[in-house]
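Order as written gives the chain letters A, B and C; numbering starts at 1 within each chain.
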């Protein structure tokens, strides 16, 4: 279990005792880890180690590395400097009015850090030693799964419901107003249509030829025939047109009354 | 534990963990040469018979399968949000206001024929149901709203639906000049046939 | 067959049909309201104890898995997982025991800067994830373990982490700020103060 540490790698040297040392340093996860390893070499409980002896060990270790002209990562040197400082605090009497933590406090902190790292190293090892799923123990290899049944859920607000009802009512009411009148051809429609032809029809023409051309279904056609017939009767009564039917149920013919009279009537109108 | 019991455990674990049905030869690779694999499989299959999981032969190998009779219960329901068509909303409104009401009456009130699935959708939503038949020719089904309808819309009773006057007062019967409702709302429904008077 | 036997069969089939642990509430959705699910699970777990497959609690749910003592005989079926680096193991332990924890705190405990790939590896394995940020300067990301971590290491909950009680009793789960030599490991780490908009 090694990984490239974030520190610059130590230079390669020929196989010798020095390489052993390089590899050793390379194998530590930082200065605290090195300290922890050295502490373990004292083979006592971490609470009973001598911090002073530990600092000496570390400083000696680093000095040995440097004497071999090996590059040592800066953080190891920072730790060495701090341990040298700790050593002086532990050995020399504390000056009065010194605000800094005492040597004993610093040593206690270092000890706590060592214990914390050791605890995590042990915990990691215990985690890794557990039966691991997918490696030592296995879950169901071919789970059949549960069939998913979609259940439709409809969302609709009361407002939408009422709005729809209102829209529906409005639509059916509007249809009565706009569509129904258009379905029939009234006598007024027929009169205004015939008025356009009066005076311009000197010869007999079949009544059917005056019907509107729009094709709007049987009902409309029949109402147009009836309305136009009634209109011609009215026009004949007023003396505007003449009507002729040669036999019962035969075609009805129509022409303007008389050119002179028609002109006179036209001028009067 | 006896050798045979240990072998049974191992076969059980192997069959459980592998992703595909496993053949006797493949099982043999994990067991002593002397192991009676056919016998172990038979014993295991018997001990699982009648349980929630059975040991079955499949594709030339052996595998655990959930008992077929439990298939109905091995399901999860997943809600899927759906939107009602305009025609369905309006039909629901007509049923709510005019219940009990026949299909022909709904069509008469709305002025359009009902699409095939419209009432089905409303039944699926749990908002309408048939209730009795109207006396008279053809004895047509009558449609009413359900208690679920009241619950969904937060109504205590049908009397809480606003009346026509109240709808008009709320502006819900006002003409909106630029929308032709029959074209605006219903293009997602199946084409509806206009009824001639 | 009695109702309880049928319920047992159904629970057994459900747990077999799904590879992930299933919670009691999820099981309840498939059973009658009156069903004594805890009792059924206990009975099922007992009937599988000592067999090749066991019913266990994992990550807050229930699941079948192969018996741990068969590991050696089953392992050949799967490729051996890549071995984790020592840094990754330690980092995982720090996250598991001290979560939620910042990158700077992990570095503080280990006394060394975190390599770039370490957290990546743990995330790729599906064992850790970021969750929220710590209030305060830089609002650093907080790291926690995932349910997948619990499943992989066979834990029902974080309370089952090995040695948790002793560590707590020894005061080793509280992070007290260190005065010196904090800077030792951290100067080649990426700057911890990230400015958030």
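A few remarks follow.
Criterion: a residue touches a chain if its C-beta (ideal position, glycine included) is under 8 Å from a C-beta of that chain, and two chains touch if they have at least 3 such contacts.
Predicted model, so just to flag it, every value in this text is computed and none were measured.
A summary of chain positions shows that the Cα centroid lying nearest the centre of all protein Cα atoms is that of chain A. With every chain reduced to the mean of its CA atoms, the largest distance from chain C is reached by B.
Centre-to-centre separation between chain A and chain C, using Cα means, comes to 30 Å.
Between the Cα centres of chain B and chain C there is a gap of 37 Å. One simple way to say how far apart two chains are is to compare their mean CA positions; for chain A and chain B this gives 26 Å. Listed for chain C are residues 14, 16-17, 64, 66-67, 74, 77, each touching two or more other chains. For chain A, the set of residues that touch two or more other chains comprises 138-140, 144, 146. If you check the complex, the residues on chain C that touch chain B are 8-14, 16-17, 29-30, 51-53, 64, 66-67, 70, 73-74, 76-77.
Across the interface of their complex, chain A is touched by residues 14, 16-20, 58, 63-68, 71, 74-75, 77-78, 80-81, 83-90, 92-94, 96-97, 109-116, 118, 151-155, 161-163, 167, 170, 172, 176, 178-181, 183-185, 187-189 of chain C. Interface of chain A with chain C (complex): residues 1-7, 29-33, 74-75, 78-79, 82, 101, 106, 109, 112-113, 115-117, 119-128, 130-140, 143-146.
Partner chain B is touched in their complex by these residues of chain A: 138-142, 144, 146-156, 158, 160-172, 174-175.
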